[in-house]
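Same chain, two partners: chain A is paired with chain B first, then with chain C.
Coming up: the complex of A and B.
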């Protein structure tokens, strides 16, 4: 049935979603080829050497990978321990009055505030659980629907209804609320507000005062599972699962063009062509590259409809998060922190986030950068030489288009500013820095082939979510070109290390 | 603001031919087209119509929208935009095209002139800049320039036109076949002539630098004097095009990008323009929607009707029975056709009723009194008016 050189599916990009999709398809008996442009798998989650002996993944923490995917793909058998408990999170205070959050446990705030948090988090948990099933489902298109689609809509309605009248009303009230309003309604502590807002905002072009999907993003990030060994362990387990299922992985294989052939019934994707001219044919071509890359450069507009093309063009793809990697020759000490294995947030209050956003909006970086720090080498010793460490910082609101452009000088200036900021909380850290790398959104675009260097491949916002992600007519993983599917972060439900887009796409292909 | 005229920005512009046309507009019957002052008629619409059919006449198409699409990807860009296969168009040839949105609904119709392998002129009735820009996005080497104001154009139509052009010194014009383009030197610049038009008769369209417009007019009218030359306006155009069975925006169809209500726009199949949709081409905008429609059959079909009696059926409802209880469509344009000696109409009829009886409920007025009549309609498969001379090459000399 399958002649040599002909695959059932070819997957473009071996990011975590490409790996998940490949594993599912191969397990269903398909002959699968995974083609990855770079020299290693993992995409934004791959660990790259940025200084001799020091490696870091861009995505530095796994805190809501889909548990059912982990179980179905048997990631345990490939060395992964799941459900290791929540990732501790600390809101760093310039005065040393840090706020510690670990699951339900909250320290460093008043009793009142703790109670308020318990109430708040119980309600949000209920919302998050009501939404949870839909991150692993195709959201039906608006239009003539099949029975299965109607069931999904029905299920959604039922789940919301099951929340009960009080919760449902409250859900409808808060889901598009600016983070700031939700925080001000519930809490007093500035550090706590920043800490709890963080997951609603990071990765999006969204400040505390922006109404849109911040609360939904937060709920999206409240489900799923954690795992041991960090991002590297997840990527290795996924790679092993895909290969074990029979998927073939080729690195250093950049797809130049998706081959499209025409007949009386129209166009169809029939395979791919690499930069070196090699051609592979398949019944399904599945792209985990971002939607703009997939359609505008791999398919080409001459094969697409005009309105559709312009909706792809309009996708908001400019990233607002920069990455700083520091190679440290010793274990860093953050004042007042004993366990540095979690996430540390530097954002003294919500205004500090808002103002950083304002700067980025107008093409500048903030003199007071806000950021999330982790030490990935704490969980993955392979990232640094013995007793040395890697510090990874997600710096929020660094523009893709810097006024005047990015160059060595502007990059250095921003790196210095970030290190100064960290130094306030970890005095002496500067002396231990032996190497560093700053990846602006423009650098991320260049290094990872993601348009705009965007965290979610394209903005997660109400107009680009659910049956509109990335845009209607391509939101059910199938695209206007028969045989071409999407499976990356640009699809529902969106970015982060969840595996959901890869899983959902495979499900659609196997239908 | 202009002190002399506070409404300067609001006033209609004048075409390069205006200085000659204005004195000839005996009725001062002006309307507007794309912001230009534009003649509804000059003297009498029927008279002008007869000049078109029996002698020769000029119609100012300068206000038409004209775009130069150029660059290595211009052919690919146009080929994806329109439903016809542009790759088959030869240099110095013109083709009539329509283009649709993603849903296969017609955005507009127009003509493409292939000027060189990588240079085309697209003309259409109303501005298409936004759609062109959207259509060009993503093609590396294509530029779209709006040259509407940079080219003056006259449609020159009627049986004696070729004779006039020949006498003007356009050597070999008689060998130009329908849809051919020819280039001639004229004064200080080039004159482009295409054997095209909107009357269904022998005719040409003359394209020239606005600076040379009056010189062209004067030459044409000097020589045309012996051949019955006369300017004609919108009203006569509308008569001639209806006899030829050509569609008019705002009458037969609405531009899809300008309609608000669902399906108040049209597909090429509904407009009986299926012959312009080339499914041998693997992709063009709206293809999959149009393929589905082709298989399903269009809801309505634009149909030529011969209606008994002599009362023009303008704005009439159509019925499938004489009692007029079963409504099946509506008339889009209607007139008494002098050339066909028939009461003709174009009408949108629901496809499933095309084979049955068709009755028009016609309202008309006589000396301020309203009357109505119910008239039997017959479907005409052929154009009402398609004289052999429209296609004859060389055309007859006079």
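Coming up: the complex of A and C.
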């Protein structure tokens, strides 16, 4: 075993949260080592070649990265333009009566519906803004707190109180509504309902009729900023920012184990051990891996209290989204769509989403998959050869543990079914497909080391949010093992490309 | 023309309770009821000669003892006895027999899973602990969380203190329990499919959620937080059927001088100068009163028997959006003898207990999927009890009456409106389900009465036939029930109150909504409070 130097912090996993955390720690003067198991940085946001000449990132759109992190890390200097405006979103209709949404602009519905949307959107925006400051704060534990902690709670209460009586009452009712009820209360158009529900549901084990968690997820996704250049540009800018600040990044360096040493004063994380036997030591070990991977495989249950282990084990970590990448030899044409640079949603009504979910509950994929499609190559020409394109589809709901198991035949059948569905909206697209890749949640687990292939590492649900994410005793980024911190999507505030968990963890470490 | 102090619309058990407490305070009250019988959904009716059916509600667990005692309901003829056990039937012929005998129950659980037998203690202890907190809120008026009135702040502090004393760990566990699905909650404890399914069924009874829907764990709690004779979580039967409860309360009401008028459906609540002042009956008669109390559900109250122009802006929409989804059916069967069930011995535990045709978690969830699609399941969840095995007053000697509650049954079918043929087909599905576990059951049937949500709505007046007068989800619980800002039993029109299960603490034959509303009314009228405190405060 070789000892290879001592660092202030070692960060496990160069996903976007690992990069953000590394950048902040390095900027504060720490000697930082970022270790990544695969051959490139970015994790689920990294762009991989899935067919010769065609690349695609698993996370396919950046529409709510934290603006203050982008500014603080100077991502502009690394080639990003932030605040490029809203990402257009289209609800595809089988009859060609699409609904177009771009920020406040809504087309394809009646005037009444447009007014209803303006009202709805104003109110939800107010709720989202009231919660926004807390996504970038450590949420203290409930209990005897320090003054600063009490201030966070006070601030939260004040922000909600400032909504005013009527809005606060409405917030306390609406936050737990199922998407379907929220939509039915406000709108009539089926396509519009699916379109607006999408961001409350995707990535989680939630259907339109599931109460309690969807609206909070939606509000979480209503803040933040958009950026030019797509996911690839964000990852390169974050990598550049971390490197420029002095962080050292090593790819192809899979961490096998977090070293824990004991003394009379208790256990402490002291470094990491790679698969090849290399050992690095550090004062702080920061894991952007999901909580189950971090605690159950990297730390090991022998180092944890049984009660804590049980809570980590019962985290709900099974993913329900599959990813299909298509290499297209020409520009696809969706009927009735002129600008295919935004997100396109195939879900003709809320029942279509609900019923797709029902299949997944029992370990099957739906014959009528619902999905979100983008063409990442429209924004990032480097992803495909000239005049050719990459289509990326997030397909809800595809179970992690398929009945009978995943194999080539079941994967092919699902891919075919998805392409058939897309073909309905983009006639002729099948002939232009020159290559494809399907990543089921099980594949995502395998390829990116994320338990269950879950986008958010663990469900975004009320009981796994705030000071309970991933579980109490590990929700303030510090963990029961001194010296070990978490900085991934499994911490507050949660998944998606926001940068917030990485930012918050760095702040805790630097306290 | 006579002017009453208060009119209560609907002689369901909450309306009667409300009236009884108002009458006790010296108010001149009248309860108007559209049917020719009282009790609403808690009624005993002779639907076939010699047989008395608890035609809708069939089991009693939420009834607050403080009210039972205070109104002296035992003297008015009410006798409640707890269930002695529950038998659950799996899809594969397995039977789980849980008797109220700890040693026998443990051995029976062990037979299915030693792991689960040990977990049951933990499960029961946790559920009881969770229910303690809610039980404290049952007979208290919810505070308005956005108000700065001293009373609301005091009540909020009370709740905060209750939470606080749980301790940090328990608070988090509580939030988790409150928001998750019954299926996920049970996964924390059990491994055996039948044990899980049989424990999960209270999580779906009466609700348009499935065992896998987040929020169903709370519904589970709602069904096990009551008590019978001090046994928390026990379910009980009323001698003479559920009507015995309504009749006892009615008798208490009449003893205080209150009046009940049946055959008196309300056409409209009269509002003059922004104040409720009486009702117009369906026959055109007007009754005037100082206050009007509606025991009807929130949707019916505001969208059916009130004029939209009498309501402040926004209320009509709130009522329209109020979630009250029909999801349950009922089949009452008169039997010529006591049915026998395969692998189930005959004993007193079974005779005074529940029979649940549960199948597995997947069977339960699939039944919900059918409801979502506007169908009933071929393998529905059926929860049955044969009260005549213990109670001689509900069937002729040697004959029996079986109550069957079915989850789920849609209020509207995808194939079009309910017809007598479809209703019969639904009833036959239920008989088939039972026959599978009780060969020869069909031949015992003397008379059968099938109720779909549609029938329940038409007869009882519950919108969509929802047994709770509104879904029990967070957006409609406590200070949100029925609407945010109107959870204190006072409605947006002056002198108008609500006292039904659409208000806190929600459905169940608890008499609590009616009592809580009476307390608020008496406060407004500056009369001494006649409503007792609950027993379980440890302030």
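Going forward, the second predicted complex is superposed on the first by the 507 of 511 C-alpha atoms of A that agree within 3 Å, B and C clash if a C-alpha of one lies under 4 Å from a C-alpha of the other, contacts with A are read in each partner's own complex, and residues count from 1 in each chain.
The criterion applied here is as follows: a residue touches a chain if its C-beta (ideal position, glycine included) is under 8 Å from a C-beta of that chain, and two chains touch if they have at least 3 such contacts.
Keep in mind it's a predicted model, so treat the numbers as computed, not measured.
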{"item": "Touched partner set for A:463, first chain B, second chain C, both or neither", "value": "second"}
{"item": "First, second, both or neither for A:181, with chain B first and chain C second", "value": "second"}
{"item": "Per-residue contact with chain A, leading partner among chain C and chain B", "value": "C"}
{"item": "Which superposed partner A:309 touches (first chain B, second chain C, both, neither)", "value": "first"}
{"item": "Contacts of A:107 with chain B and chain C, given as first, second, both or neither", "value": "neither"}
{"item": "Partner chain in contact with A:264 - chain B first, chain C second, else both or neither", "value": "first"}
{"item": "Partner chain in contact with A:143 - chain B first, chain C second, else both or neither", "value": "second"}
{"item": "Footprint overlap on chain A, comparing chain B with chain C", "value": "none"}
{"item": "Chain C - residues contacting chain A, complex", "value": "145-146, 168-169, 171-172, 175-180, 184, 187-188, 209, 212-215, 321, 323, 362, 365, 369, 372-373, 473-475, 479-480, 483-485"}
{"item": "For the chain A and chain C complex, residues of the former touching the latter", "value": "141-143, 161, 165, 168-170, 172-174, 176-177, 181, 184-185, 206, 209-213, 314, 316, 351, 354-355, 358, 361-362, 461-463, 467-468, 471-472"}
{"item": "Chain A partner contacts - residues on chain B that touch it in the complex", "value": "76-77, 79-81, 101-102, 131, 134-135, 137-139, 279-283, 285-288, 291"}
{"item": "Contacting residues of chain A [partner chain B, same complex]", "value": "261-267, 296, 300-310, 313, 480"}
